[in-house]
Every structure is written in structure tokens, then in C-alpha cells.
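Think of it as A, B and C in the order they're written, each chain with its own count starting at 1.
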Amino acid sequence: MIRKNTKLGIMFTAPLIIFLALTTFFPLLHVIITGFYRNYLPERGAVFVFFENYKIIFQDQDFMQALANTAVYVLSVTALHLLLAVALAVFFDRHTQIIGKIAYLVRGIIIIPWLLSWTVAAAIWLLILNPSGVLSSVLVYLGLTPRLHIWLGDPDYALTWIIIITVWKSLPFFFMLTYAALMTVSSELYESANIDGASHWQQFWSITLPMIKQTLMTLAVLDIVWCIRQYEVIAFTTGGGPLGSTRTLSIKIYQTAFENLRFGLASAQGVVVLLICSVIAMIYIKVHTQSEVKQ
Amino acid sequence: MLMLLNHLKEEKMKKKSVVVCIVLFSCIAGVLFAGGAREEEETVNLRLWGWTFNRSDGASIHPITEAYMEENPHVKIELMETNWNEAYNEIILMSQSGNMPDLFLVNRNWLQDFIQMGVLEDLTDRVEAMGMNDRFYEPLLGEHEGRTWILPYMGGNSSLVINRGLFEELGLEPPRTMDEFVQIGKEISDPGRNFFATAFCMSEANVTGANVCNFGPILYSFGGRYVDGQRAAFNSPEGIKAMQWMIDLEKEHEIATPGSITIDAVRMREIMAAENVLMTFDGAWGTPFYANYPELEIDYALMPEDESIGTVINIACWGLSESSENKEEAWDLLQYIYEEENLKLLNADGNMPITPSIGELPENQERYAGFLETLAASDNFFRTGSVPNESELYRLIVRAYHEAMLDRKTVEDALNDAADSYQQILDRFYAQ
Amino acid sequence: MNHRSPVGFFWNSPYRMEKTLKNFIWVITTGIILFMMFFPIFWMVSISLRTNQEVFLIPPRMFPSSINVNAYLAIFQDPVLLIGIRNSLIVSSVTTLFALAIALFAAYGMSRYPFRGKKVLMFYILSTQMVPIILLTLPFYQYFLRLGLFDTIWGLMIAYVSLSLPFCTLSLTGFMNSVPHSLDEAARIDGCSILGAVLRIIVPVAKPGLVATGIFAFITAWNEYLFAGVLTISRSTRMLVVYIASKVGEYDINWVELMAVTVISSLPLIFIYLFLQKSFMRGITSGAVKM
């Protein structure tokens, strides 16, 4: 029984609306407006130029490459996050009885990567991926590669490693939320399914997945947005190189704003990111409300 | 009846949630507008900003400012600090928000940007009145186009860092020319043992380090220049020769550690400290790192020569804010910082001497011989902060190096393309 | 024997071999993932117990040649560490409380009173997350300066609540949607106020979600670096994450201390998490579902 009650609905959400308006929405407008100015710096010699910045963006080869890199990066990270998080959560849910106390501890330790700051996470992986770091040394020791391989200096592999680092860093968070969502699924549903003789796989598709679908969708859309924002890991490990193979939009925007001091252009680039994210958000909202109606 | 009760409950609940909302709002509003008031004081507040105050090599600022406050009770000095990685962002945000400190550290390679932004006070007249510029080593001066904007403080020039212990063990002398460098390298390098003549730091994660430590000094030693007048000049035959020389060292002769495109300046120093290389091209700004490992016998040698002896000068300087309300007091403090005794304190923290008076002390003549000799002998040097949009120049050069290293382009093509891109920036800059 | 335990399946199933094989693959895959998760952590602890010079060795050693705890001793003598831990704890806790309170109400409204304009609201919530944070630093800096919030931990709290609110709201809405509407309707008929229904019925049922969301808000505030790095500037407002990053210097990285301070700052969080794990249990809620 769902009642439409706009007054109560707005009242409950009012603190959120006002808080976000005060803190984030106005800075966002500031960015959008700055995007229409040509300036070396915001405070000096800002000239209103309408869409000139956008013209520059779409003639910029580097920006297009950054767009492609971002797409690959974001999609792989999000897919891997969800896939691995669901697999781990289901594993821990099912096998708790076998490993018992160990599972409790493992679940505790597994969240460590998420507790680290991005700088530290990137630093640890930099030690592992160095030309003479652990990974290369072990591979040579095992005879798998004839000489030290320069992982982060290889344009074919650099982005893959950035993806792995990102997945590693925030997988615990996705695991934790998926696991929490799994816990809200009533065990009686499984018990009756067991009595009906449904296999684990069938149970997963018909009970687990529909019940945690909404959580997964929310996680997916926010992961996409967060990955587009990701900056620290790449800046610290490769700085966008080699040959621009790891240069994503946020790295590009950072370089435009703080290295070239072209805040107007950088803001316009930010608005392009905003538009892309908006499309994703609209799809999410559409699917989300549809699934709500079905419920 | 039940429905009515329920209705009443709902009304009550509405009130409750209204109350909760109001409480929340007032909390937010309270937090938002609290602490807006600033105390008015009769004393003069001086705000100093930098990124080195908590480091061992920047520690001297604490006794200096404390002693100054004791001598001048009406002055209150506030030290503000940002980590190095955010330092440039912070000072840009400060300048754009009208929150400039009175005195602040300026890394020399920011100078062009800062003059453009108009945040620096022109110190020419003050410095001339005090005859201050006569005290410093001439190449270190914070000049740009005849005006003095900043005063040199921490850092210096680049040169050759050598592992004296290993050199003596191998019975070798530091190379005097680039050809000798290659010769020594071929003699001692052993890729199987991970032992090489040198390591280059050409990672895109630190493009400034790549240029001020490695490519810049080598380019200038080969007789090249970054910019000639208003033309990008690093694609000259000398420039091509310099970059080709670096790439050959790693790929052709195998006397530089593999993976220079992922090694940054920090990693390069670590490889040096692990004794996997004999020598590196590095600057005086790296000396505090080596000071951590006294057992290593790290020493500094004269820059190897080719067409000339080249070096890059990159130094953290003090600047006075153009918008400061206490310029006279700040200038007075600045002079105090540069008193002989205080410069000795700075030097004792492991910084290269910036004045001949300190540099001529016997212990410094021995300790910093390589840098001081290079500084005196250099006939072709680059001062950071003297060309527009320097970070873009550095990035373009590192990218060209990567393209040539990964066989996407020849060195000549890569440098020509980079020079074309940089020329556009120069043209736009000089058209203004 | 529990029906859902694989051991139970193993003995009850006619396809024992197939089951064991499937379980075997499960365990191996999970094992590999766990190894990849754990190795860097092992590496971090291992490095924190070396001397800096041993970190640089080529090829690297798996275990330190001798245990060296100097880094731990050194950072514990540094007063800035304690300032950092204190500030981070205060900021993260307050952020979590505020974010959860605001998000809980909003989520309840969105889940139970699907009003007109809800789609717009969802878009609005998401839109605040869509621009690279680096572009928001300049407006935030200017606003905070004007409001006197620059270089205060209060300013950071506000920034962090705004950073974690969108996720908290959407996530809690999802968890609340999974709680049957009949539950709070029943509670309402039994004479609970709406607030009572939220606190007594929804919160216990959605507890795993609430805890997970709360942990998210806490860790977001704990680890956020860009704002902490530029919006605070004096010693008394130093956040732990800024202190950690100060080990990554201009010309060197103090690896040993970097890793040691990271290990130390992670330990309390792990204990908190282990303690909170009890709320990630199924079964507590099943009584409520029967109502």
C-alpha cells in the first residue's frame, strides 16, 4: 500500500535538499558559469566567450583520448567491482559454517585496503610494480619473463594496472554493502526454496539477485561517477603516461586547471563530464523507478 | 475511534518531525555561520606560508621566527604549512581567493605564473637599497627581466651525484666529459646483477623532476637551450643529441637502469641509495635525502662537459605578497631571515650555501664542492621560472622522451612535434 | 545439520563428486582473490618493520632481515600524529552522525511517500557528485573563507557530509525499500508514530544497511584528502590523512614511517569494524518479518 503524499515526502527530504543546495549545488553552478569564460586565471582578465571553450575541447585530440581511456577505465572497474563483490559476498554467506571464526576475521581484514588513503594505496602498488619491484622480480625468479618487465611503462598494460589498483582499493566497500544487502534477504525465502529443491544457482537468480538488485544498481551508478572523479591513484603512479595511455578526464582537467591555469577551459571540461554523468544518472533513475513500481 | 487516534498520532508525529527538522537546520546554520568573527589585535600579525617547515631541512625557520618575535614583541608570526604535493594548488587557491600570506615560499619554477598573476611585490628597489643582491651567488638571484621578485632560500643547481665509495672501490675517477661517462658505464654496468652507471627519472608522474634533474642539465651540457628568445629551441641538433644520448644509455649501451619512463626523481634517489647505480644527475635539492644515509659516502662532482658545462637552477625562494597589509614588517622579517647567523642555521640543516660568505667556509667547500664548482664553471645554464607555462614545456618534453623510448617516433620527430606545440603557447603568450 | 551448509549438501547429494568440484573451484577462485587482496597488506606491514634502505633493495626481500620498530617509536613521539588522530576521529564521527540523520529521514520520505518530483530529486542528489572534486576546490575555498570556515575542522565536516550524503541517501532508500511496507503499516495500526515506526521497526530490520552506510560515511571522511589538504593549513587542524601524506615529501618518501603510520591508523578502524560485524547477521530480523 503506497500512498502518494507529496507534503510529507518533501518534508522528510527537505534537510537533504537544503544542505546539498548550500554546500554542493552552488559550487556546481560556479563551475558551470566559469565554463563560459576565457581566462588565464579566474580573478584576472576573465572574458565571456560563450561556447569557445567547448569548441576547443572537441578539437582537442588529447581530450578525446582521455574520454576513451575514461570509458574503458570506468566500465571495467565498475563491472569488476560488482562481479567480485557479489561473488565474495555469496561465498562468505554460503561457506560461513565451514570456516566459521576464520570467516569472521577474514571479513575484518579484507576491508583494510578500503581503510587506506588513496596515496598510501598507490604508494604500496608503486613499490610492487616498480621496474625492479616485487612483481617483476618474482616473475623473473619463477622464469616466467626473461627480464624485468616495466609494467607501468608499458602503454598496453599501464591502464590495466590502474584498474587493478582501483578495484583492489575499493572492492571491500562494495563487498561490505553487497553483503549487508544479502543479510536483509530473509532466510525463510531460502529455506522454502531448499524444500522446493532449487539449486544454489537457481536460488541465486530467483531470490538473491532480485532482492539485492536495487543496491547493486545504486552501487553501479555511484561507482561510475566516483571512477570518473578518480585522480589520486593515476597522478601518483603514472601521471597519465606513458603516451597518454592512463590519462583520464580528471587528470586532464587537473592539468588544464592547475598546470596551465586555464580554469575556464577546465570548468568547461568539467561540464562535459557532468553531462555524461547526467545521461548515466537518467538511465539509472528510469530503471530504478520502474523496478520500484514492479515491487 | 481508532482512526481518529491514529490521525492524532500522525499530527503529533508531524510536529515531531518539524521539530527535528528545525533542530537540524539550526545545527547546520550554527556550524555555517559560527566562528566568523576575527579578533582585532594591536600587534602585527605576519603570516608565513611554506611546505618545508616541518621537515628536517626546513627546521631552522622555527628558531629564527621565535628569536625574531622575542626581539620584536609587537610582531606575531604564524607559520602555515601545506604538504609539497598540494603546495602549488594551495598557493593558487590562496591567490585567487584573496587569502595571500604576507611572506611565502615560491619554488623558482612558479615565478612566471606568479608575476603574471600579480601576487608578488616587486622587490627591486628594496633589494637595491640594501645591496642585498651582491651577497648571493649571481646565478641564484630571483631576477626576471631585470627586476628582482624573490630571494633565493633552499635548493640550488644541479650537478652529478656520485657514490664516492664505489668509485674508490672500482679505482675510477668521476667522469669529466659525457664520453667518459659512457666509457665508465660500459666498463662497470652489469644488467645481470642489476648494476648500472646511472638511472634516469623520466616518469610523467613528476615532469618537473624529470627536467630539472635529468633532461635540463644534459640538454644544456650538450650546448642546447629550452627557449631561444621567443622560439622553442629544444629541438635543435644539440637537443636531439642530448635526448638520443639518454635513450642510447638505456637501450643501446644498457648502462642506465631499465624503465626510466616509470622512474620518478624519488625512485632515482632510492636506486642510488641502494647502491645499484654509480652516479645520477641530480640537484642540490636532493642533498637532504642523501644526508639520511651517511654510511653511503655520497659525494657531488662537477657536471660532465660536452659542448659546455650545463646546469639547471631550481630553488625555493621567499616572496613578499603584493596584497600584504604589513609590507614593512614583513620586509624587516625577511632581512632578519637573511642575516648571516640565520643563513648558517639554514646551511646547518643540510641546505646548499646560497651566498659566497657561507660557501667559502671550509666544510662547505668540501661538502658542496661539486655544486659550487658547477655553478661557477657553468657557461650555459637554465633558470627555472624564466619561460611561460613551464609545466607544459616539461610535460611536452617528457612525452617526447616516452614516444622515442617506446619507438613510436624518432627522437627528432618527437622533439619537433613537442617544439611545435610549445611554440603555439609561446606565440599566444607574446601576442598578449 | 543446516540445509544451506555445503557440508550438508555434500552428504545429502547424489552428485557428490560434482559438488566437491564446484566447491573446489569456488574456494580456489576466492582464494586467488583473497591473495590479491592480502598481499599488498602483508607488504605494507612487512615494509613498516624495515629500515628505509632495505626498502630500496633490488631485488626486494619478502621479509625484513631483522625486525625494526624504530618507525613506530618515531611516529609515536610526534605530537602531530595525536592531533591528526583526534581531528580525524572528531570529524569522521560528527560527519557520520549528521549524514546518517539527514539521509535516514530523506530515505524514509523517498521510500514511503513516493511523491511527485522524486525523479527530479534523485537527479539532483546525484548531480552533486558529478564534477571532478578538483574543480570544486576553488569555490569551496572562497565560500569557506567568506564564512570563516577556512582552516577549521567544522568546515571539513560540512564538506564531508555533503560528499557522503548522496550515497547514504540512495543506499538507505534501497535498504528501506527492501523492508516490506506492511511492517510499518502494521506498526502504525498498532499505535506507533511515524518516527516510532522508523526507529522501532525499520532501523532494526535495515540495520546491516544502516551500519554499512554509516561505515561508508565514516571512511569517506577519514580518507578524503583533497579538501583536507587545501582547506586546512595550521598545525592544530591537521587531519590524519594529511599527516600521512606528509611522509611523501618533495625529494623523498619515508616509506617505513608512511607504512607504520598507516598500519597504526588502520588498527582502530579494523577493531571497530570487527565489533560492528555482529550487526551483519541474518536472523535477528526474521522475528520482525513474521509480524
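Following the convention adopted for this analysis, a residue touches a chain if its C-beta (ideal position, glycine included) is under 8 Å from a C-beta of that chain, and two chains touch if they have at least 3 such contacts.
In this text, all values refer to a predicted model and were calculated from it rather than measured experimentally.
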Intersection of the contact lists for subunit B and subunit C: A
A-C compared against A-B, more contacting pairs: A-C
Interchain centroid distance [CA atoms averaged], subunit B/subunit C, Å: 36
Subunit A and subunit C: spacing of chain centres that average the CA atoms, whole Å: 14
Euclidean distance of C-alpha centroids - subunit A vs subunit B, Å: 33
Residue list for subunit B, restricted to those that touch at least two other chains: 17, 21, 24, 28, 32, 89, 96, 194, 271, 276
In subunit C, residues with contacts to at least two other chains: 55, 58-59, 102, 105, 138, 158, 245, 248, 253
Residues of subunit A whose C-beta touches two or more other chains: 8, 11-12, 15, 19, 42, 132, 258
Sites on subunit C touched by subunit B in the complex: 52-53, 55-59, 80, 98, 101-102, 105, 137-138, 141-142, 145, 147-150, 152, 154, 157-158, 188-189, 191-196, 229-230, 233-235, 242, 245-246, 248-253
Residue ranges of subunit A touching subunit B (in the complex, touch as defined): 8, 11-12, 14-15, 18-19, 22, 40-44, 129-132, 147-148, 150-153, 155, 235-244, 255, 258-261
Residues of subunit B touching subunit C in the complex: 5-6, 9-10, 12-13, 16-17, 20-21, 24, 27-28, 31-38, 49, 51-52, 54-55, 78-86, 89-90, 93, 96-99, 194, 265-266, 269-271, 273-274, 276, 285-286, 288-289, 292-293
Residues of subunit A touching subunit C in the complex: 1-13, 15-17, 19-20, 23-28, 30-31, 42, 84, 87-88, 91, 94-95, 97-98, 104-121, 123-125, 127-128, 132-134, 137, 140-141, 168, 171-173, 176-177, 179-181, 183-188, 190-191, 194, 211, 214-215, 218, 221-222, 225-226, 228-229, 231-232, 249-250, 253-254, 257-258, 263, 266-267, 270-271, 273-274, 277-278, 281-282, 284-285, 288-289, 292, 295
Subunit C - residues contacting subunit A, complex: 2-7, 26-27, 29-30, 33-34, 36-41, 43-44, 47, 55, 58-60, 62, 102-103, 105-106, 108-110, 112-119, 121-136, 138-140, 143, 158-159, 161-162, 165-167, 169-171, 173-175, 177-179, 181-182, 185, 205-206, 208-209, 211-213, 215-216, 219, 222-223, 225-226, 241, 244-245, 248, 253, 255, 258-259, 262, 265-266, 269-270, 273-274, 277, 280-283, 285-286, 289
